[in-house]
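Only one structure is covered here, and it is reproduced in the block below.
Letters A, B and C name the chains as they come in the text, with residue numbers starting at 1 for each one.
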Amino acid sequence: MRRIGEHPVLGPLPDSEMVRIVVDGEPMLARKGEMIAAALLAAGKQYFRKTIKTQEPRGIYCGIGRCTDCVMTVNGIPNVRTCVTPVEEGMEIETQMGYGHWKQER
Amino acid sequence: MMLEREVVVVGAGPAGLSAALEAARAGASVLLVDENSKPGGQLFKQIHKFFGSRDHRAGVRGIDIGAQLLDEAQQLDIEVWLDAEVCGIFNQCDVWIVRDKDRSVTVRARRIILATGATENAINFPGWSLPGVMGAGAAQTMINLHRVLPGQRFLMVGSGNVGVIVSYQLLQAGGSVEAIVEAAPRLGGYGVHTAKVRRAGVPFYTSHTVLEARGTDHVESATIVQIDSAWKPIGGTEKELSVDTICIAAGLTPLVELAFAAGCESFYSPLLGGMVPWHDRSMRTSIPSIYIAGDISGVEEASTAMEEGRMAGLSAAHSLGYLDHEQFTTGFQAAEARMLALRSGMFGQKRRDAKAAIIAHERG
Amino acid sequence: MQEREQREMELKQSGAPSLQELHESPCYQLPPKERRALAAVIECIEGIPCNPCETSCPQGAITVGDEITNLPVVDLEKCTGCGICVAACPGLAIYLKKYLFKENLAYIAFPFEYLPLPEEGQTVHMVDRLGHMVCDGTVLRVVKIKKNDRTAVVHVSYPNEFYEEVVNMQRLPRTD
């Protein structure tokens, strides 16, 4: 699990503005505009949530926003599809346990 | 809020882009809608050179064909809504769209072209829900779009063109492919694709499938096993592979929900991926105002999707009165001929027959 | 048809054509050992609709024909070994070869789309169609031109006793 630096067809990894995000309380840098799932995979995160009844780990499956396997709680809102949601400065991302918790009234 | 447009194209992948371009060139006002934040569908993940002839832009990488299409769309000033999810079609003409996950808009369209593509199939086996088991397309999205390798040691399940091409691309991205398993007794993809991967040292196992994936928080190993002619595992043939990612390339299924929700008649075509909306030669469905193009009409490839898109775009525009008969026929037949050329040979003929069966079907 | 299916077994089992399958195909021609110039060798034995090899050749040495599913055939009289087709083939199924390079060395120029690229003078491991290492080779040239659209063509000399077996080189370990 890592970022691809130099690629034979895509060329070198372009420079990018970085944004600060917080994952399970730990700050980290991500490339501005990249999908949350990509940033987390690049950082080596093993799983994104645990299931409701049996607490089994889950990660990405379809990668394009259809299957909802990759959901996490983002800025206090659960069930956010991380593979189609870009990172933002200051974003708080939490490994979602089961249903997750709404941090605030919407 | 109700807006009106002449032609609404749903999906900005190769089929949708091509349809929008042709309809716009013909003079219709076109709204192109896509749920993603970037257009192009699967096209921008295809970093390999395409097959076909010069007319099909053979030898050009999918990513560059995509860039060309986008450029043409910009030049024609086609209205494009991204981050726009089409949630329903009512009265055969009202397209309900949710924009930016935030607000509803309904667009009354005189013609609708559905180019929503297809979704990857899943196969179930113990451990399949572990992080690290993903669609081959998901891995391709991660490496070619997001520039992230989602693992290091890969098992590919499925040897069709998707499985073999993605395996090659995983090698290019710096991953290692420990094995490609194929349940059928023969490999499915083109010989030139399998040869590329084989000479890179990746072993193929025909009549094999994945039996189990193991790991605590993530895939740590997988067991593959030989299967008999009844698709049952043969005891004693299990092989354990040290892999951290398992990619499933077990085919695609057309994304037909909008078509059927709108009331389009269906047709069952196992070779093309299952239930597809019935369509005639002009790519028009059983609902006169709705057309389809690309993988929604049967799983094929980007090249055929582009030609079907052109055919649908031309047909939709012509049905609105744009283009005289000769202009329409010339453009349509040229696209159709290019499409049929791709549906030839040992791989293409079956698709050609399956597609012809749809068109030939006598509707009830 | 059944016989053909038998013969195709190797390609559809191991992923690579066997030498027998290649020899039985109308399109595969190993350039004769006495030929002085490089020649294109095409290992494309399934009829898929595709013809950039034909359209890319400035000498008109490759023929596919009106039916673009026809197998490509190289006219060795016309082929000058320029290598344009090597990069043009979307299937990366073409390479240049000659038996008489110098001393007991043969020559191959093959497509390569991995990183890192080898360097001139480097010793690399040459592989057969199954990816098995066969022998060492010496890199003579690495051609990366814009026209080839990111398909590098690597020119290598290798022991001519492996003239037919060798088709490519083993990927080099990545440095990242």
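To be clear about the criterion, contacts are C-beta pairs under 8 Å (C-beta built on N, C-alpha and C of every residue); 3 or more make two chains touch, one makes a residue touch a chain.
Since the model is a prediction, treat every value here as computed from it, not as a measurement.
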Pairwise touch network: line, ring, star, complete, or other: complete
Between A-B and A-C, the pair joined by more C-beta contacts: A-B
Separation of mean Cα positions, subunit C and subunit B [Å, integer]: 31
Chain centre separation (subunit A, subunit C; CA means) in Å: 43
Subunit A and subunit B: spacing of chain centres that average the CA atoms, whole Å: 25
Multi-chain contact sites of subunit C, meaning residues that touch two or more partners: 113-115, 150, 176
Residue numbers of subunit A (touch at least two other chains): 7-9
Per-residue overlap in subunit B, given as positions that touch at least 2 other chains: 48, 61, 172, 174
Subunit B residues within the subunit A interface of the complex: 35-37, 47-48, 61, 63, 119-120, 122, 129-135, 137-139, 141-144, 146-152, 172-174, 216-218
Residue ranges of subunit A touching subunit B (in the complex, touch as defined): 1-4, 7-10, 13, 34-35, 37-38, 41-42, 46-48, 56-66, 69, 83-84, 86
Subunit A contact footprint on subunit C (complex, rising order): 113-115, 150, 152, 176
Interfacial residue positions of subunit A with respect to subunit C in the complex: 5-9
Contact footprint of subunit C on subunit B as seen in their complex: 48-54, 58-61, 159, 171-172, 174, 180, 186-187, 190-202, 204, 206, 341-342, 344-348
